[in-house]
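Here chain A shows up in two complexes: once beside chain B, once beside chain C.
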Partner chain A sequence: MATQHSRAAARTMISPAVILLLGWMLIPLGLTIYFSFLRYNLLMPGANPFVGFENYAYFFTDPAFWPAVINTLLLVGGVLLITIVGGVLLALLLDQPIWGRGIVRILVIAPFFVMPTVSALVWKNMFFHPVNGLFGQLAKGLGFEPFDFLAQAPLASIILIVSWQWLPFATLILLTALQSLDSEQLEAAEMDGAGALSRFRHIALPHLARAITVVILIQTIFLLSVFAEILVTTNGGPGNASTNLTYLIYAQSLLQFDVGLGSAGGVFAILLANIVAFFLMRMIGKNLDL
Partner chain B sequence: MARAVTTNRKVVSTVFGWAIAILIFFPILWTILTSFKTEAEAIASPPSFLVFDWTLENYSTVQERSDYFLHFMNSVILSLGSTVLGLLIAIPAAWSMAFVPAKRTKDVLMWMLSTKMLPPVGVLVPIYLIFRDIGLLDTRLGLVIVLTLINLPIIIWMLFTYFREIPGDILEAARMDGASLRDEIIHVLTPMAVPGIASTLLLNVILAWNEAFWTLNLTAANAAPLTAFIASYSSPEGLFYAKLSAASTMAIAPILILGWFSQKQLVRGLTFGAVK
Partner chain C sequence: MGRIVLKDVAKSFGDVHVIPPLNLEIEDGEFVVFVGPSGCGKSTLLRLIAGLEDVSGGVIEIDGEDATGMPPAKRRLAMVFQSYALYPHMTVRKNIAFPLKMAGMDKAEQARRIENAAKVLNLTDYLDRRPGQLSGGQRQRVAIGRAIVREPAAFLFDEPLSNLDAALRVGMRLEISELHERLETTMIYVTHDQVEAMTMADKIVVLQAGRIEQVGSPLELYHTPRNRFVAGFIGSPKMNILEGAEAEKRGGHAIGIRPEHIAPSATTGTWKGVVGVSEHLGSDTFFHVHMDGRREPLTVRAGGEVSLHHGDAIFLTPDEEKIHRFDHEGLRIA
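And then the complex of A and B:
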């Protein structure tokens, strides 16, 4: 059906998008790689000599590097654990008959629509603040010492904030997957005397496995880049206690103006994200029949 | 007997469901409530929940002191501008891939999606320097361009999945009836494509409104949308809880309302068809 003519028209229609995305990908990417081989600091204008892998050597031996890697892993892993386990439980609950289910769903999904800077500030001041925050007041009311969350457990506090933002996403996707589950199969299992737990383990969980994988991959892509929540709450501190890779590279690039070093970090971040992206793309590709 | 069991079960799951929903929603609820308190009441101990002197003062103070409306308009311009621009580029692309698929359409789609996986911090330095050199830092135009490009893959992908659901047979039927290409597009395809385009628009406005990496790094006083404006409350004004809450409430209210309409699109738009 597709004639030569329509093929040519199709190519014309698609080319603006392709050219723009190609430029958006190649130009900054090429520049990042190029800068990463230069000694290039905005505070020291002048020649930017080629220095080979010097920036990479600095980046990987920076005392802040390993803490940032570990913080990134803890942040991604912690949020994934909370949102997946919480999301499965919530999805199972919301799949039950509930009076006012529509409103319950709306309330549960709401945090996903709150912009990151707002959720970070609200949690920081109105909940985590040791004196005026709600948690502090609650502790005082119960006779406990107030706990300064962001000073004493900065990373855990940020994990809590980010989990609150992403739990709705996991829940919504898992709920969608759960609702496509064949109810006859469940009823048959129930007739055969399978308990709720074994129905979950042998029917619901395998059915959800695919959706869980998708949630893990998509969230990982976004969680590797958590930034605003850290900037607004702790600025990566105290010390490096809540600095993840994204924040570290941001600090090197735009706070210390070390373009070369920041670019080397950027290349590392791209490689890291690509590992996750590879698996995600494979899953999406398998589902796309053309 | 069976009926009693199901009613009991419904009561239990209703109680649990509501309890957890209110717990999850509580930070938002608390922010909205606090925005109507006086500063003294906002940090009163023990905190007052509903019984306090409701006031709208914070909302007017936020506007007077910080030019809230400018940042609100920036958010509107950035999110709508980048979405409309993105749609203009994406509609023809998605259209041709959905209706005239070629051998390599799948590869092109997958490649487009892969550009979305690029971590922003990986290209922060060059974009920042380019923007500085051509004078796009802290301009709305610069951010519209960036937001368009980062969300373009999602827009194309979503439109593609919607367009593909339009049955090709309808076109042939219209052609048999003697419809011209122009008629086809205006009278047959467009009405069928509108819901998908609307859904895509909705989700993308939400994503652009809440984007908080580029908006924080590429703007200062002039082009800052609400994400960056709110971040400026991190110190020391953040201690004024009632005003912080009023500013936050205004920043999230429009998107909360839009978001509630977009639950279904959210799944489709953010999982790229991998979950149905």
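And then the complex of A and C:
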């Protein structure tokens, strides 16, 4: 059916969707870039003169800039590490024939259905709170000083919350990948004299490589823009200790009402995301070339 | 050395008794084929010998040593799986090297053995490819290569040819037989295809519902099947079984006669029938003959040149010497 005519018809049919999607992407991007070159502060209404790269200069020299970049990378890296190691281990566990496996699986997957604000609040008040929190009570019960997680280890606490949310996702993807592993391969390896650890290292892990790259890619996209968990728990503090780029941009455009500066930060975030995406794509390209 | 003895070996999954206690001796260097219809427990029996399943009772001895509780790796057996079970992310070389690497063998010895195996199996040009880049027959050979480098006491084959096309299957059948001649190692081969069993085996073990129906050389099974099941399973096309008057006349509850032991004629004979479907193979012609009072047609082999057609009357004369007689239980009457 791939005649000239049918191709032309197909092109005409999909063009509204393509144009809509393209506009959806290009118009906000264009506006952000446009605003980033203006002096545009909501507290100073009036003219919005073109100021060149002034906003960028302010953004990069902001004392919160480097901490925010480092926090963003720590947050992404930390959560990826925890979810992938934990996900592989949980997937191995859930792949075993245990009694009540169906219920256990639902329990494991449940956190993924809780929205970020809610889970952050639950963690903040039920677990981390030094007076009412479970950990605080536990520490007190054992005779220790309660540890104020969000004040003393804010970034680590947020990494913990976000990991808790994303662990089910990683587990789910890795579990399905594990189940697609041919059991005859494992048996062959067993006959070949490979112990349980060698079988995992030489057979299961290479088989999971593709699924792991998919998990890394998808999670990175979402983890670069973690926001609700920070807003609900630490508000980026104490100081800048838990401010990531997303939160910094929010603070500048909506707390300081400086739209121009926030837009400059947004453009930088787009660049950072693309750099990360570039490396991820190369990694995946290598891994998918089996 | 690879003498394997099964004593009262049984297997059940929960309440389902897949294999009731059975006894079997496999001599060193023998090519033994387990054959039977699907679900008869032949693969399970092989997996019990391999150690991939635990026995529910009985003892497995390998070279006089009790191997019942041994892990698979310790039994010095190598297995070739139906799906080949090659490791897709490793090259052919690494696949073949894997058991040696796991055994902690030094690199020089590994390389020497891999070279040898590759030469024997015509894999030298493919050593650096991945399994995904190989054809079915080549993958099969890699799987065999992975088994022979270990120099095991016995080889276990689990329907290794069922994923290959017909032409390749005949070729691989010969290659495996040749390999057995050269290595003189015990081989246990599981198949549902009685042609493979007949052509390759020194000894055939016919299984049905986990029970051993008969053990013997291919020709023994062909000439003196112990019961109706073996009689019907060995030989192609199947043996014809007749019950009733004709059987009683010859002193049995049922009689069996192979298609190749009935002489067809257009004019005279003991039995009379009508030609149904005829299959012309060039060298042979198989007639499916419909007889009065029989639902199933009788299969008859004739030479390639007989000109009888659908609907023609046909006369059949069985070779009385070659008739097998069975009693009420289906057992052979000597």
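The definition used in the following text is that the second predicted complex is superposed on the first by the 262 of 290 C-alpha atoms of A that agree within 3 Å, B and C clash if a C-alpha of one lies under 4 Å from a C-alpha of the other, contacts with A are read in each partner's own complex, and residues count from 1 in each chain.
Going forward, contacts are C-beta pairs under 8 Å (C-beta built on N, C-alpha and C of every residue); 3 or more make two chains touch, one makes a residue touch a chain.
Fair warning: this is a prediction, and the values are worked out from it, not measured in the lab.
Contact with chain B, but none with chain C, is seen for A:Ser263 once the two complexes are overlaid on the shared chain. Of the two partner chains, chain B is the only one that A:Thr176 touches; chain C does not reach it. In the superposition on chain A, A:His202 contacts chain C only, with no contact to chain B. Touching more residues of chain A than its counterpart among chain B and chain C is B. With both structures placed on the common chain, the touch criterion links A:Ala188 to chain C but leaves chain B unconnected. In the superposed pair of complexes, A:Leu167 makes contact with chain B only, with no contact to chain C. Once the two complexes are laid over each other on the shared chain, residue contacts for A:Ala17 go to chain B alone; chain C is not touched.
Chain A uses residues 290 to touch chain B in one structure and chain C in the other.
Taken in their complex, chain C has these residues touching chain A: 50-52, 71-73, 77-79, 81-83, 85-90, 98-99, 102-103, 130, 132, 146, 150. The part of chain B that touches chain A in the complex is made up of residues 6, 9-10, 13-14, 16-18, 20-22, 24-25, 27-28, 30-31, 34, 43, 45-47, 89-90, 92-93, 95-97, 99-102, 105-106, 108-110, 112-115, 117-130, 149, 152-153, 156, 206, 209-210, 212-213, 216-217, 226-228, 230-231, 233-234, 238-239, 241, 244-245, 248, 251-252, 255-256, 258-260, 263, 266-267, 270-276.
Residues 182, 184-185, 187-194, 198, 202-203, 206-207, 209, 290 of chain A touch chain C in their complex.
For chain A in complex with chain B, the touching residues are 2, 6-7, 9-11, 13-14, 16-18, 20-21, 24-25, 27-29, 31-32, 35, 90, 93-94, 96-101, 103-119, 121-127, 132, 134, 137, 140-141, 164, 167-169, 172-173, 176-177, 180, 210-211, 214, 218, 221, 224-225, 227-228, 231-233, 245-246, 249-250, 253-254, 259, 262-263, 265-267, 269-270, 272-274, 276-277, 280-281, 283-285, 287-288, 290.
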